[in-house]
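Pasting the structures in now, so scroll down.
Both complexes shown next keep subunit A, but they swap its partner, so subunit B is in the first and subunit C is in the second.
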Partner chain A sequence: MGYLEGISISICINIVCVCGIAILTGYMGLFSMGHACFLCLGAYTSACLTKYLGVNYFLSLLAGGAVAATGSVVIGIPTLRGKISGDCFTIATLGFGEAVRILMANIGVNIFGGATGLSGLEHFTDLKSSVVIAVLAILLTRNYAKSQHGKIALAIRDYADASELLGVNIFREKLKALMISAFFCGVGGGMMAHYYVYIVPNIFGNTMSNNLLTSVVLGGVASITGPATATGMLTAMPEAFRFLDNWRLSIYGLTLLIIMRVRPEGLFAYKEITAPFTALSRWIKTKLFKPTVKA
Partner chain B sequence: MNTFLQQLITGISIGSIYALLAVGYALVFSVFNFSNFGFGATMMFGAFAAYYVILGLKLPLFVSILLGMAAAGIVSMMFELVIYRPMRKKNVMRIYLMIAGLGINIFAPNFMLQIVGGAVKGFPSDWARVTMTVGSVNITRSDVLALVMSIALLTLLWAFLYKTRVGLGIRASAFDTRTAALMGINVNVVASAVFIFSGAAAGVAGCFYGMKYSVYPAMGAVATKGFIASTVGGLGSLGGAVVAGLLLGFLETMIASYISTTYRDLFAYALLVIVLIFLPGGLMGRQVHDKI
Partner chain C sequence: MAESPLLAVKDLEVFYGGIQAIHGISLEIKKGEMVAVIGANGAGKSTLLNTIAGDKSYQKGSITFEGEPLPGRAYQFAEKGICLVPEGRRIFVNLTVYDNLLVGAYTVRKKEKIKERLEEVYDLFPRLKEREKQMGGTLSGGEQQMLAVGRAMMAGPKLMMLDEPSMGLAPVIIDEMFDKFKKINSKYGTTMIIVEQNAQLALDTANRAYVMSVGKFIMEGDSQELIHDPKVQEAYLGFK
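Here is the complex of A and B:
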């Protein structure tokens, strides 16, 4: 497998996860500092399914997403209920994320492999399917954003009380956004497991959650292609700046600081990069439906 | 019984470090309603300042701790002046301030890693390493020092907050920042005082942590425990932060010695989640609502 192909697959996996977090953070305005735990749940579920039960790769991805979404309900119901402040949710996700990571390292050692992780997985994630899943994730997120759910989400984010007066069930909408985001992250985690063919609980730590959150914040609120581009940049940049050696991590933090200081709403806030998608749909149209020439 | 007493001492000394960190978080939160995640970095800078003062200038331990405090206070103040204050002026969402803090937390340890290297350094003080035996319990001097200095500093902070004019300003701003500003309180002075004091507390905590364990660029990670303590105690409540810090240190040590060390961290995070679910305001905090 080529070097560029590997980076492209990583970017695709990150795009899938970031699409979910864009719904939660960019549209609903909830910030999570522990979304890596949903990747962890998804990765372990799909890895166990393919390894022990020989389930189809794509089905296992869906199952991983479903388990992650179920897990998100556990944290979502107590913290999103009532008028508890948004900070409470942020802090609770931090605790939940770490707790899941430590639990995975300590329970069911003969199934999950404990702290040494789960190895010997099959290499199912290839470039073609990853790109398809990433594009699908972007399109699904776009559908969410354009549907009534996305509009309700924006209303809740900006005017929670007004939207409640209009009859929006805030708790249900927030939980919905959280579950969708957890589902996407679970799918991303499953792809990651079958790309690295080896997973340990420790990679799903704070750093990963922070990187995902950073991509969304850098990409901009209420945008899908913005965060997707940002995560692509953030994944590719360290590779391009290999010559900077270990300085790149501090540069990474500095970039985040400067963005927050100069343009806190993100680079592509309220904007979408549509050109590649219109080109894609035009290409599909010309391929599938040959334009009929009128006489 | 002996083991228990020994563990109790350890728990209290690590708990007093957590309490110092938690107070720093609570102080910033009470006035500005956001958690300063750059705190781990501040703590690390304080510890390194004290380390190099002892090594380079050969100053005695107490002076170097004071200098470490001062350095951490200045670093914290710089974060406020360069990052937080301009952002607050723009009226950005509070969560962006927290993300900027995360940026500091990514930047500072990696920056230090490049400057001084990743080696784990022992705190260069022989005085602190001496062990005293009381009855059948062994106590290192650094443990005693940590406890005594934490109590002294917390008392000093209390006196500052409740007996001076700037302290009154801080308390008024904690109650309602905008009204306090309208009443002629210079919020910028209050902000500087808050960040210097919380930074100094973090610096001291860093020194003690360095003495107890070691000094290294990633040591700021322990500030998460202080953050947990401040949340469990009630965001913005100083008393709650102290109580929860000591409690967390004590319970952690007990779990590590009587149940399992692997579940020590799990316990801290589980405590955080459980407290948030059943007591969103924390043990001693007021119920926090999003302001309209």
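Here is the complex of A and C:
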């Protein structure tokens, strides 16, 4: 597998996860510090399904997403209830993320492999399917944002009290956003497992959660293509500047600092990058509907 | 007068921590009435509305709406038909005018009903129709107030409560707004409670009024009578 192909697959996986977090953080305004645990749940679920039961790869991804979404209910119900602030949710996810990681290292050692991880997975994640899934994730997220759910998410983020007075069940809407985001992360986790063909609980640590959150904050709130582009950049940049050795970490930090200072709401806040898509759809239309005249 | 009241509040007491904001208030509002609550700053007027709307919990007393006790959570109040237009309007600044209105119709299930209500709101406030695609945050103060009222109308409330609707608006707009309130009241039969600092305006608009001071009702009655009451004139209307 080529080096570029590898990076592209990583970018696609990250886009799938970031789409979920864009819904939770960008639209609903909830910050999660432990979303890696949903990747972890998804990765282990789909890895076990394909390894032990020989389930189809794509079905196992969906199952991973479903397990992650179910897991998110456990954290969502106690923390999103009533008038508890978003800070409480953030701190709870931080703890939950660590708890899941440590749990996976300690339970069912002969199934999950404990701290040494689960190895010997098949390499199912190829570039073609990853791109398709990433595009699908973006489209689904766009549908969420354009639908009533997305509008209500923005309303809750603006004024939770006012929307509650209009009859919006804030708890339900927040839980819905959390479950969708966990689902996306679970799918991303499943893809990751079948790309690395080897998973250990430790890769689903704080660093991963923070990287995902950074992409959304950097890419901009209430935007999908913004965070997707940002995660592409953040995944590719350290690779591109590999010759700079450890200096690239400083450059990474500096870039973040500058963007935070200049555009605190993110690069593409409330905006979508639509130009390539309109161009693409126009191209497809002309290709499909233009009568091909043969001489 | 056998008709039971739409809203009945009995011996209500509300605390903020250790501080009592409302000291035993009772009121009854019949269907289709337009009632004003006037009083000075800090009299507890907004607290009263927030309590009725379910945004603030109360410690003693009872509130019944259409003869039934109120539900437990604030979002269920809107389904019952109680809607509060909060102080400071609270427009969703990142949504368009149209989307703001749609959020107001959250409790309405039927698509045709939403369309019908939207027509009603646009009919009443043609300005909102002109600004349909604009972001809520880019509207002027008066337009935002219109949007806040329109948004509340989308839920089709039986009881609409307006908290300081004249706050920060130009006098011309205030008169226009209060005319619209009268129109909503007469056309759709929506019962209204208006809390106002501007006592003259509130008394001119409403049929009945309560005068509130330090968490209690000190006077109540027909608003025309209250306007001519010397005590009210001196304390709230600025006559000497």
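Quick note on the criterion: the second predicted complex is superposed on the first by the 283 of 295 C-alpha atoms of A that agree within 3 Å, B and C clash if a C-alpha of one lies under 4 Å from a C-alpha of the other, contacts with A are read in each partner's own complex, and residues count from 1 in each chain.
By definition in this document, contacts are C-beta pairs under 8 Å (C-beta built on N, C-alpha and C of every residue); 3 or more make two chains touch, one makes a residue touch a chain.
Computed from a predicted structure; not experimentally measured.
Three-chain overlay on subunit A, with subunit B and subunit C fitting side by side and no clash. Looking at the shared chain after the overlay, A:G253 reaches subunit B, while subunit C stays out of its contact range. By the touch criterion stated above, A:L165 is placed in contact with subunit C alone, subunit B being left untouched. Legend: residue contacts after superposition of the two complexes on their common chain; A:G86 is shown touching subunit B, with no touch to subunit C.
Using the contact criterion defined above for the overlaid structures, shared-chain residue A:K151 touches subunit C, although it does not reach subunit B. Of the two partner chains placed by superposition, only subunit B is touched by A:F31; subunit C is not.
Taking the C-alpha centre of subunit A as the apex, the lines running to the C-alpha centres of subunit B and subunit C meet at 80 degrees, rounded to a multiple of 10.
Judged by the touch definition given at the top, the superposed model places A:Y270 against subunit C, while subunit B stays out of reach. When both complexes are overlaid on chain A, the residue A:L213 reaches subunit B alone and has no touch with subunit C. In the superposed model, A:A63 lies in contact with neither subunit B nor subunit C. One of subunit B and subunit C touches more residues of subunit A, and that partner is B. After overlaying the two complexes on the shared chain, residue contacts for A:R261 are found with subunit B alone; subunit C is out of touch. The least CA distance from subunit B to subunit C in the superposed model is 10 Å.
Comparing the two complexes, residues 161 of subunit A contact subunit B in one case and subunit C in the other. For subunit A in complex with subunit B, the touching residues are 31, 75, 78-79, 83-88, 90-92, 94-96, 98-99, 102-103, 105-106, 160-161, 210, 213-214, 217, 246-247, 249-250, 252-254, 256-257, 260-261, 264. Taken in their complex, subunit A has these residues touching subunit C: 148, 151-152, 154-155, 157-159, 161-170, 222, 270. Those residues of subunit B lying in contact with subunit A across their complex are 35, 83, 86-87, 90, 92-96, 98-100, 102-108, 110-111, 113-114, 228, 231, 235, 262-263, 265-266, 269-270, 272-273, 276-277, 280, 288-290, 292. Residue ranges of subunit C in contact with subunit A, taken from their complex: 53-55, 73-79, 83-84, 86, 90, 92-95, 99-100, 102-104, 106-107, 151-152, 155.
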